[in-house]
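One structure, pasted below without further comment.
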Amino acid sequence: MNKEKGGIVMEDRVLSIKKGLPPGTLVYTGKYREDFEIEVMSYSPEEFREFRTTNVEDVLSLRDSSMTTWINIVGVHRTDVVERIGEHFGIHLLVLEDILNINQRPKIEFFDEYVFLVLKMITYDENSSELTSEQISLILRGNCVLTFQEKRGDVFDPVRERIRHNRGVIRKRGADYLLYALVDALVDNYFVLLEKIDDETEILEEEVLEMSAEDTVQKIYVLKRNLIELRKTIWPLREVLNEISRGESSLIKEETLPYFKDVYDHTIRIADTVETFRDIASGLLDVYLSNMSNRTNEVMKVLTIIATIFMPLTFIAGIYGMNFEYMPELSWKWGYPVVLIVMGVIAFLMVVYFRKKKWL
Amino acid sequence: MNKEKGGIVMEDRVLSIKKGLPPGTLVYTGKYREDFEIEVMSYSPEEFREFRTTNVEDVLSLRDSSMTTWINIVGVHRTDVVERIGEHFGIHLLVLEDILNINQRPKIEFFDEYVFLVLKMITYDENSSELTSEQISLILRGNCVLTFQEKRGDVFDPVRERIRHNRGVIRKRGADYLLYALVDALVDNYFVLLEKIDDETEILEEEVLEMSAEDTVQKIYVLKRNLIELRKTIWPLREVLNEISRGESSLIKEETLPYFKDVYDHTIRIADTVETFRDIASGLLDVYLSNMSNRTNEVMKVLTIIATIFMPLTFIAGIYGMNFEYMPELSWKWGYPVVLIVMGVIAFLMVVYFRKKKWL
Amino acid sequence: MNKEKGGIVMEDRVLSIKKGLPPGTLVYTGKYREDFEIEVMSYSPEEFREFRTTNVEDVLSLRDSSMTTWINIVGVHRTDVVERIGEHFGIHLLVLEDILNINQRPKIEFFDEYVFLVLKMITYDENSSELTSEQISLILRGNCVLTFQEKRGDVFDPVRERIRHNRGVIRKRGADYLLYALVDALVDNYFVLLEKIDDETEILEEEVLEMSAEDTVQKIYVLKRNLIELRKTIWPLREVLNEISRGESSLIKEETLPYFKDVYDHTIRIADTVETFRDIASGLLDVYLSNMSNRTNEVMKVLTIIATIFMPLTFIAGIYGMNFEYMPELSWKWGYPVVLIVMGVIAFLMVVYFRKKKWL
Amino acid sequence: MNKEKGGIVMEDRVLSIKKGLPPGTLVYTGKYREDFEIEVMSYSPEEFREFRTTNVEDVLSLRDSSMTTWINIVGVHRTDVVERIGEHFGIHLLVLEDILNINQRPKIEFFDEYVFLVLKMITYDENSSELTSEQISLILRGNCVLTFQEKRGDVFDPVRERIRHNRGVIRKRGADYLLYALVDALVDNYFVLLEKIDDETEILEEEVLEMSAEDTVQKIYVLKRNLIELRKTIWPLREVLNEISRGESSLIKEETLPYFKDVYDHTIRIADTVETFRDIASGLLDVYLSNMSNRTNEVMKVLTIIATIFMPLTFIAGIYGMNFEYMPELSWKWGYPVVLIVMGVIAFLMVVYFRKKKWL
Amino acid sequence: MNKEKGGIVMEDRVLSIKKGLPPGTLVYTGKYREDFEIEVMSYSPEEFREFRTTNVEDVLSLRDSSMTTWINIVGVHRTDVVERIGEHFGIHLLVLEDILNINQRPKIEFFDEYVFLVLKMITYDENSSELTSEQISLILRGNCVLTFQEKRGDVFDPVRERIRHNRGVIRKRGADYLLYALVDALVDNYFVLLEKIDDETEILEEEVLEMSAEDTVQKIYVLKRNLIELRKTIWPLREVLNEISRGESSLIKEETLPYFKDVYDHTIRIADTVETFRDIASGLLDVYLSNMSNRTNEVMKVLTIIATIFMPLTFIAGIYGMNFEYMPELSWKWGYPVVLIVMGVIAFLMVVYFRKKKWL
């Protein structure tokens, strides 16, 4: 159970390890420490450059490039790299701390020179029905978008493809549109999660209707917990996009705002759907409990029918099994068949009674 | 179960297929690809014209007609047609995308030149107790109202009749009144749904009170899920009508506002009624569970009464069935009748006891 | 069950029959079509006139009377009368439609010339524990108050008496005070309902505590449904009175506002009480279920005690009822009494055990 | 049950008796009609006077006294006294009506000349676990504070003592501070209630954990109902104090505001605690139901163990009790002991099985 | 149970003891009366002084020190000390009263000269699963931060270390940063609590899934109650930090605001997590009840299977145990084996039936 719980407080646990350090101390609080790489994509409508490096100095000069540049730092455990970039790009120390402390709620902060976003990339492990979340930080500054990931593997490949092959308008627009494209990719990822949860809900529905599995209640519980976790992320995400689409920062151009508004609409729909699933999960539990209650009732009926038919019969047999010396019936010629008939009649009446009660 | 689930996430599923495409790409995300037709109605207080075509060029010239014109595009899977119309009428690319992407929540967007509405037409399949929803997009621009449907079949026939036969004031008013008439027809459609849900609720009430059906809980569950879905649509619809009736757009004339206000009142009532039905469905489940609990109690009582009467009697019979050589009662002359009388007294006392406990 | 459900959607059902008609068509959507009469009361501090008529022309001249005039139209099914009055008094067509369409939520609309209120008069049928609602529309215009009822019988008699016998200040004040007096009478009527619901709740409390009735759960369900319906009416009513007591219309004099504020306070209390009753009804259901659960437990205990005592005893009796040839105990002289004593000891130990378990 | 219900609607019941009377009619709607007395305390930092009278004329001259004066009218059933005082002090007729009509929610009304507060003094009857509420009206006007009680006995004694013995700053401050002191005393009274409810909750917790009482669910129900009632009073009380501490009236001096803010903080805490108790009461019910469910399970296990062990054994004994002529086992020498051993083995295996299932 | 309840109303209990005293009377309402000490830390970027004293006069001169000074008063039961300090530092009497009255909700009050905060330090007793709370009051005034604790032992040691060893920026910033550091330490403490609750939840999850413990429901109840208590503290705490980080007081420098904003973010996360745990605790209870219901069903099945198989068999054995003289089967040669075979067939059919019903 330990691992499944992970998503809820584990992150906080790490924070408390950090407790006592002075604020502004750059400490990575996550658990991924293998990958490190800087991926760079530079483009203008005509040109396109792409390279990977592990030397932070290679990318610093891009700050003042006239081309739109996306610098993706994979592996924030390299606090030295984050610090160097932060220094060069003029990022506030508390922002750098937030990038490294993976316990942030999704949030947005506007500064004069740049915009800072923290988002969550949630992935679903189909074996354990478990959600894991990775923190993605994004900074829009001038022509640059900086993104910070904890480990390799993300949901940005479609964006990369669009840049590489100059699909859509992405190469024609600036860095704010790039920021939109990345946020959009992250938000679209939630729909994938919802589909998986939808599939699982459908399976659970069948299990509940047919009462076919032993651990249905446990599965509903895990489903509910996943939805609670998802909800914890989706509501602040919605706020973030609401704030950005209100267009209060000059760093986001007027013409890009409708796109952010569009993503905002998506987050509303995601939030709606999560609530819907929660209602459905509760409904499923009710159906399960009712069905279980029905079943117990069925079992009881079988027992009662059997006992009610055979107890009186056994009693009658018991009477004529007594060894009294003076029991006239025992010596009657038709005693035995009469008793058998009486027993048959009693059994028949019982069955009639149960039919009338609709137990049979 | 698969089909019933349809309404909740299926639409999202399609969206995620679209994931990765650059925004602004016109892709129809629905499943209806058979029907295609453009229906046109042009009218002024005196004149009236109506025709159908499958050639989009036939309708483009109507943009600047002095008559009020309703252009109904059936079959948005023909993205080329939507694009051509969008281009000609000066509709924003993101709006066209929303028309084709059938996963929108009901919403309204005001532009300088036109108003864009996305609404949902929900139909109820009485066999499967299933709701299906079709997206209807409406654009009011100058003298024209453009409507976009996924497939043939809608709820606008009464409006068509009123235009054709010049009933009411519709021919005397402009395009904004036409927009109102169409929205009103869509909202009225929800009352039909509510009635069907009402009928179903009544049937369920009877089933619950008489505990007559096996699958009552399942039906309550389906009812609840339908209400959850309905609610997901009705609340944004309410917002849409609130926004439009506030009269912030010059495209809606002052004199038409009271009509929109009227439809807004309807949506409030629909939302109220949906909430009421949810409360009632929960209440029904409570009654069902209580009745089931009552029934189990009844079954238990029958069992207990039978067991409590016959176990002691059978035990007594068992005693005198023992084969001890020295059992004086066995040779008593009145032993047998005395035992029978004792048994009768015990049974009688038991019955009295159960009567006192009100189990009988 | 059909009739009881009436209050919830029945009204909507009628609306959907109206679906397709152009807005502004005057159609009465209710079911009362017997009564028709116009009651008129005209008064000034000195004078008082009262008459009844079925001829609408008799009352039209009163529009410009200098006396305060109350025109009560009973029977809105006479759409011709409503239309004639509406025309003469300059009432908007949509308002007339609302008067005839009895599916309105309580609402208030301010116009330049007049104020329009829709309220609900709810009555409680003590036999069926059913609520029925009648729509009362009120229009304040100049010196006149127009009221529209569906059928004869209302809660305004105390107001009539005060006018007739010049009790209180009613004759000294104008038409806005008359409006207040009528609204106040309608709101007071809710307290009567609440009392009846209170009585019913008390009876239900006793039934639940003593578990004396079979259909307690059904009654709680009906109570809850009535409260849901009541709540659906009371919340918009509260809004109506809040709006009117804010004094934004010049048609309501400053000095009459405290009176409306007073009625507003009443509606708050009514709404509070309805919520309180809902909580209590839920609490009662919990108690009922707990008691039922207790009872099942009691029944189980009786069964278990009986079975646990007699099964071992019957088994022992069964052993000595076996017909083995070589069973030494059978020929012991004290075999029979010893077995009886052993049985007694076992029974005694069982009773002690159950006492310890507090089952006895 | 009748008496316990009292607090919820009884007051409304009286209101409906008043229904039909013109507004502004002074009618006392409560039930206490024995006590009548006017208590007067006049003080300045140096002086102090105190007297009791039943003649209203004795106190009228105090209106213009330069000393701070508290006039406490005990027994509002004397409507003539209330009217006389109202007239002399220039109190609005509707305010006087509110004083006499004990069905008010706690509220505050600011007038030019005076402030009017309605509060509730709730007392807890420890025998019946019942809450009763008395309406206390307070008017601050110039140097005077008028208080109106329904009957003798209140929570103001500590305030009286502080005035008499010149403790604290009360004699140094004006009438607004006196108002504060009285409101504070009334609010503090709620803490006494909460403590009693706390004690009761503790007892209930023990009862639930040990399942020691028969009527635990009923007690939880009464607790919940008391909390619902308390909540109904505490929320408007909180609003009252919020409004007064905002300092919008010139009748409350700037320097007294922090004191009212302090009482406001108390009401927030009271409201918080009431909500907490409601959550706890719900939790207790859950625990009770779970424990009851556990118990039924326990009872079932005992029954099943006994039946499962003895039914097969009794069956075996029954077989060898059959009277077939040709049953070889019966004549075996070791038949009887072998059967006994077989029975022992079966019983042993059953016990092992139940141990494995952890039923034993 | 008494001690566990402590956190909920005990504090209020003490308040009511205070009832009747004039406001502004300095009375300590807590229970810790042993410890008393004043700890002082003075520092500038270069210098650092630290000393402890029990003589309040030693610290008064520090009010006007140019160094940043933290005066920590341990043991507010020494009301004379609090009064002396309050007098010297110009703290309002009501503030001093709040410091001594440990029943405050977390709150912040801005004065011209100083800021006053009341916070709660909650500790978790792992043996009793009990929360206890201590009130910490903080005053920021000029270069000084005054803190008031009820007893020795706090969560400020990391801050002390940072000051002593000049770690981070704390010695470079002023008193407002010190205030931040202290508040931050108090808020971080909640994460420790959440972890412990997380551990407990995990253990409970396992207990629920394996139904391994007897008192699981009780533990869930205690968990829920702890969460209710925690929530009662965390919501006002969140408000406090929201207010302070809005930067409306000139006592908090602009550059320190981001730090308070950061702590505010933490409190949001804590509040979110508490809500999440409440949802999880409710989910656990549902799973527990379902599992219990499953188990009862299992027990019932075992009983029913045994009874259904053996009752008919025992009945048959009973028939042939009857002593009728004329029972032809008894003298049949194959009577006995035939009966045994019949019994075997019946038992076999029963088993087949139960298999089909999936009870076996």
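When the chains are written out, they are named A, B, C, D and E in that same order, and each has its own residue count from 1.
By definition in this document, a residue touches a chain if its C-beta (ideal position, glycine included) is under 8 Å from a C-beta of that chain, and two chains touch if they have at least 3 such contacts.
Which protein is which chain? UniProt says A, B, C, D, E = Magnesium transport protein CorA.
Remember, it's a predicted structure, so these values are computed and weren't measured experimentally.
Residues touching across the chain D and chain E pair largely diverge in numbering: under half of the numbers involved belong to both copies. Chain A and chain C have centres, each the mean of its CA atoms, that are 42 Å apart.
Centre-to-centre, using mean CA coordinates, chain C is 26 Å away from chain D.
Shared interface positions of chain D, defined as residues touching 2 or more other chains, are 289, 293, 296, 300, 303, 307, 311, 314, 318, 321-323, 327. The ring of chains, read from chain A with the first step to chain E, runs A, E, D, C, B. Within the complex, the chain B residues that touch chain C are 157-158, 161-162, 167-170, 181, 184-185, 188, 191-192, 194-195, 198, 201-202, 205-206, 209, 258-259, 262, 265, 268-269, 272-273, 276-277, 279-280, 283-284, 286-287, 289-291, 293-294, 296-297, 300-301, 303-304, 307-308, 311-312, 314-315, 318-319, 321-327, 359.
Only residues 1-2, 5, 8-9, 12-13, 15-16, 19-25, 92, 94, 103-105, 107, 217-218, 221, 224-225, 228-229, 232, 285, 288-289, 292-293, 295-296, 299-300, 302-303, 306-307, 310-311, 313-314, 317-318, 320-323, 327, 329-333, 335-336, 339-340 of chain A touch chain E when the two sit together in their complex.
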